[in-house]
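What follows are several structures.
You will see two complexes here that share chain A, one where it goes with chain B and one where it goes with chain C.
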Partner chain A sequence: MVDQSNVSISAQSISVRRDRRKRNRPPYWMIAPAVFLLAVIVAAPFLVSIYTSFTSLNQYSIGNWLHAPFVGLKNYISAFTQGSAIGASALQSLWVSVAFSLLTTLCITPIGIVAALLVNTPFRGRSWVRALFLIPYVMPVFVNAITWRLLFMNGWGLVDKVLAWLHLASVNTFWLIGPNSFWAMVIADVWSSWPFIYLMVLAGLQGIPNDLYESAYMDGATQVRCFFSITLPSLRPILSLALLLSTLNHFNNFTLPFIMFGTPPSPQADVLPLNVYVTSFQTFNFGLGAAMSLITLVLMMIPAYFYIRMLRLGEATT
Partner chain B sequence: MTHSMSLERRFWQRLRIVLLIVFGLAILLPIAYVVLVSLTPDTEVGGGSIFPTHIAWDNYRLMWSTVHLAHDIGNSVLISGCTGVLATLVALLASYVLSRFRFRGRKPFMVSLITMQTIPQVMMLLPLFVILVIIQNALRVHLVGQYVTIIVTYLTFALPFACWLLLSYMANIPIELEEAAQMDGCTRWQVLTRIVLPLILPGMVVTFVFSFLLGWSDVLFASVLTTPSTQTVAVGLQSYIATGESGGSVFWGQLMAASLTSGIPVVVIFLFFQKFIIGGLANGAVKG
Partner chain C sequence: MGSPKKWLNKKWLNKKPLLVSAAVLTATAGIPFAVYAGTPSTVTLSVYIGYDANNPQAQANLYNKTLIPLFEKENPGIKVTWSYYSSSTQENTELQTAVATHQGPNVFELGTTFIPTAYATKSFHVLSAADWKAIGGKAKFFGPQLTMSGPNPNNYIGVPEMMLPFAMVYNTKLLKAAGISKPPTTWTQFVNDAKKMTNASKGQWGTVIDPEDSYDPWKIVWAYSKQLGSDFLSPNLKKATLDSPQVVNAMTFWFDWLTKYKIVAANDLTYKNSDALQQFENGHIGMWVFQGPSLIPSLNQSAVKGEYAFAPLPTVPYGMTSRPKGGTPTQTIVSGQDLAIPSYTTGATYQAALKWIKFITDPKQQQELFNVYGDLPVNQQAYKGDAALNTPMMKAFVQSEEHASPTPFSGDWGNLETIFAGVTNKLADELATNTFKPADIASQLQAANAQVQQSLQ
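For the complex of A and B:
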């Protein structure tokens, strides 16, 4: 783009350019609906959320919301100390969420890479395998959550039955309540989200030129060597994007624990979005809920910042 | 040398077959179990044996009357469909302007589009709910539980997503065609409808499908903003579980049958659009 505009410009082309610029004034009316909608349904609620977080708004005071008592930072303080009446404190939820999102991302990355490598080279029935690999991911999350709720049912679920049959654990290993619920959530989430990494890696693998492998093969490099010296370095950009997005998505995952455990969940599985939900819509403590969600938002801005930087908005055309 | 190479190759081939089987089992076993339970009579679910004594097709018949499954699926289709259409059309106009023009506020707008996709949805739901209740109280109208309300609130996540997805498709349409059309005296609107629209149509279809599925899979917004008459299938299925939590017995067989009924069409749609998904994801599409 820059090179082309550096071509010397004659007087005639200047007038053409000026004419064109006039014609190329952005049709603002086209973008107006999007801007208006987003201002009304995202920006305005966001401001309301900030205001709410400084009040003790609840289901009783909402009828007269302008006079809801202003409590300053009290909600933020209690978010870190006590949390909702029936669940874990926000601080505890925060750790659950961080552990959950990092651990699941860590687990699905090697699985996704292996799966992508498995189907990258052609073989008979490959398109069927590719379709199969997509199924856990494209199944609606609420269906996956119900599936795993069934599998983890105490006493008669498939997981308990198989574990008891193998003499690995008691048939009454409680998975959906108590300390195991965190691991149940991780397992269910790994099962339903690994194809995301798989898809990203698969897209990345298309961009690696084949002659790199050919020349490495000529030099007698082993498959393992090729993977660590060619494949993995080439995948780095898309892989880091995938890891970032995966961490973000997992942090915001509400549906899976909500349906698997119901509300309120065990404190060990009380992820932050679920905690905010219970605080806001079951104990109707809107002020505290808003404070907790703003804390979440501030935390999300850290990975989001890197995400935005990675997309390089200023330079690319999109 | 050649001998060791062929040995190595054979090792990797064996490993691939083993891994493919492991992956296949890991994916299919839970699904197979769900299918099995969906065909198990309610009296036998939770019994000693995994396999039922007889296949209970009744589950697939009774599920339509135990909860209002057909009604809920209809609601899901209506709400997700409207969300998809609205998001795609508004995003088409916005992404066209964003990709073809440089103007003040363009970059902040695009940054906020991405930021909106990273915002936890529960954080949007709370103030939206508060605003809706305030308006309801002030104007004495009913908003919570209306189709319009849930569709508009779905746009909070569907619209930024649709804009972003369509932007990547816009970028791949050569601008030369549009310039030529402008030279021939086409207006901006004519350029959009006659040149861009036919080329972006595949992208619009994908955007619609993705937005539709975002709405279909949502549980959070629907569980707060719908009433029994407007509830989506994702919420409807919960009523099976709710009976268990309140002490009743859960109709596991019917629940699994209903889950499969609401999940399989989505899987089929996705697999149909499979080759588009990889491109869409590489462009930063987000699914929760």
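For the complex of A and C:
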């Protein structure tokens, strides 16, 4: 015979557990406003971009953009095949952007590491030096761009004058047009963005225990050996993350070339974001511009994939 | 009051999620409407205008202290707000956003060459006879300005607000020092005079070019092409003619200033309009073509104050004694600012917009605008009895306006401008890197022509 009281207790405990579970369930609905905003700010424009990329949306159809003529994959094909009388073709711009982002990241990495190492150990006036190092990073991009534009002016710009004084180049070297415009863009961007690596590395350095260095010194290791055997391996996770973020940021840099060169820029400085902008908003070819943006997004997904993997790896190891 | 965790676990919160979310969203979403709707009897009119970089404070004072208070006093029940765009790029994107979303400013101030693009969007009111009557009639405006208001007199969307005829500004001191008594009237004289004024060792040049600017180059090349008898588009707007011999000739002539006649500095290859202005203001330039009266406030604060004057552009092409057959004495494009009302402005707000346009184009307000901007009034009555508008300098502009030609009224003109800027940019690149060949001008223009042709509708 079944003990009724046991059944009752068991049912009661199930009910209590259920209630407790219910009570402890996180109130997911509270993120509804965030989800709603994400849908409005990110998902909706993204879906509109996909739709636009399959249409020939232009100034004639923008007033009724939902009914712009459908053109299938034409814009995607044009993005890779069409030459451009304005600046660079989309494919050329892609290479400019890839080269620009990789090269800039490559240049700023050693600068950032050295700067972080310099201010990692205490010395008098360290906080002032740390603050000084941040100036290029906190300076608005447009101020940076205008300043470099003036410095790179041929004939009377400071860069040409200094190079001519050092007998390294003619005073009439053109930096803002032609092939040198790419290098001008790299130099200006390196100047303004190295503190990002510096900040990340400095944060990483704070996390390395001093015991490691003390043991190494007791074993007779030199500072160089310590750097390559302790510092660099310890910095690897944060440095990898910094390099990835830096590459992504530089790839998407629009303001610097826009202010430095205007539109349309020289093909050598016609980075993909600028090309997309000119195509979409100055020549009114919104369909082609949307297709180019989505191609950029797909390309950006490659480093983003590694970035997300790295974050998961970080979660697993902490 | 319990701890935050307990508060979060309150049953009522878990039980009524949708209700609470909806209440929060509705409440927050409602705030802007509650603030901006105003009382039913008040119409709020938002006006979107160009930023006056030369004198922003004077512009703000003009609108906040003079124009808007007076208008609101004369028109009770209408409240006017204003905002501005600081570049043609911003003007462009704001217009695109407004047209796509069917909301935004009620009155747009648009550059005349941008009116065809605005017309192409089919998102602006075509003004009816009654509308024109409310504005004060077409007759009050300078005739040539209306040619850019729409494709034909029955389809005008733009109302002229200010005009900006272009002319040639020259340094009177340099001209006198070179023994030149009056500004040139033919392009041959122009080149010869510029040669006389050029002294490279002193950094002094006869003229200046700005091939990196997005707008200046096409204006000069277009005007010269018109003098040679061609245009950038065929009369029916169906065919691009950037590769015509006349346009190639015009572009070649412009770059010849550097390559052949040596009347401009090689440094100019990286110049935009602001760089050229700086050189002129420093007294390094003899003559600068295609510049408007809006330059005057800036020049009056520079080293050339009192040492400059304006003259209409030469009208006889280089090496010729008269214009070839079909050539027109074009001295300027029809240029300036128009006011246009987007289609989403309706009812009482539309009527308020018409009242604002009438107000702003009446003689008194036109003179106020001239005093601040330096751009010329479009209302012919504004010139009567106003000494500042009848100086010899101003007469040079009025004379230019008499020989103004409208640019083709095509919705693809904005696209054409950008593509043309790409051509001058690439040619400047080649010149800067010593890879330029004269034949490149024709080939670059051919490529540009093909790209413009693709977009023509």
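In the analysis below, the second predicted complex is superposed on the first by the 281 of 318 C-alpha atoms of A that agree within 3 Å, B and C clash if a C-alpha of one lies under 4 Å from a C-alpha of the other, contacts with A are read in each partner's own complex, and residues count from 1 in each chain.
Please note the rule applied: a contact is a pair of C-beta atoms (placed from the backbone, for glycine too) under 8 Å apart; a residue touches a chain by one contact, two chains touch by 3 or more.
Not measured: the values here are computed from a predicted model.
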item: Combined model on chain A: chain C and chain B, fit or clash; value: clash
item: Chain B versus chain C as contact partner of A:Gly155, first or second or both or neither; value: both
item: Partner chain(s) touched by A:Asn58 [first = chain B, second = chain C, both, neither]; value: second
item: First (chain B), second (chain C), both or neither touched by A:Leu199; value: first
item: Which superposed partner A:Pro27 touches (first chain B, second chain C, both, neither); value: both
item: Which of chain B and chain C A:Gly178 touches, first, second, both or neither; value: second
item: Touched partner set for A:Val129, first chain B, second chain C, both or neither; value: first
item: A:Gly262 touches, of chain B and chain C: first, second, both or neither?; value: both
item: Of chain B and chain C, the chain that contacts the larger number of chain A residues; value: B
item: Which of chain B and chain C A:Asn120 touches, first, second, both or neither; value: neither
item: First, second, both or neither for A:Thr109, with chain B first and chain C second; value: neither
item: Overlap of the chain B and chain C footprints on chain A, listed as residue numbers; value: 23-24, 27, 30, 33, 62-63, 65, 153, 155-156, 262, 281
item: Residues of chain C that touch chain A when the two form their complex; value: 8-9, 13-14, 17-18, 21, 24-25, 89, 92-93, 96, 99-100, 117, 120-123, 212-214, 265-267, 269-270, 272, 275, 343, 411-412, 414-415, 418-419, 421-423, 425-426, 428-429, 432-433, 444, 447-448, 450-451, 455, 457
item: Footprint of chain C on chain A - complex, ascending; value: 22-25, 27, 29-30, 32-33, 36, 58-60, 62-65, 83-87, 153-156, 172, 174-179, 261-267, 278, 281-285
item: List of chain A residues in touch with chain B within their complex; value: 23-24, 26-28, 30-31, 33-35, 37-38, 41-42, 44-46, 48-49, 52, 57, 62-63, 65, 114-115, 118, 123, 129-143, 146-151, 153, 155-156, 158, 161, 191, 196, 199-200, 202-204, 220, 222-223, 238, 241, 245, 248-249, 251-255, 258-259, 262, 272-273, 276-277, 280-281, 286, 289-290, 293-294, 296-297, 300-301, 303-304, 307-308, 311, 313-314, 317-318
item: Sites on chain B touched by chain A in the complex; value: 1, 8, 12, 16, 19-20, 23-24, 26-31, 33-34, 37, 45-47, 50, 90-91, 93-94, 96-101, 103, 107, 109-112, 114-116, 118-131, 133-134, 137, 152-153, 155-156, 159-160, 163, 167-168, 170-171, 182, 188-189, 192, 213, 216-220, 223-224, 234, 237-238, 241, 245, 252, 255-256, 259-260, 262-263, 266-267, 270-271, 274, 277-279, 281-282, 284, 286-288
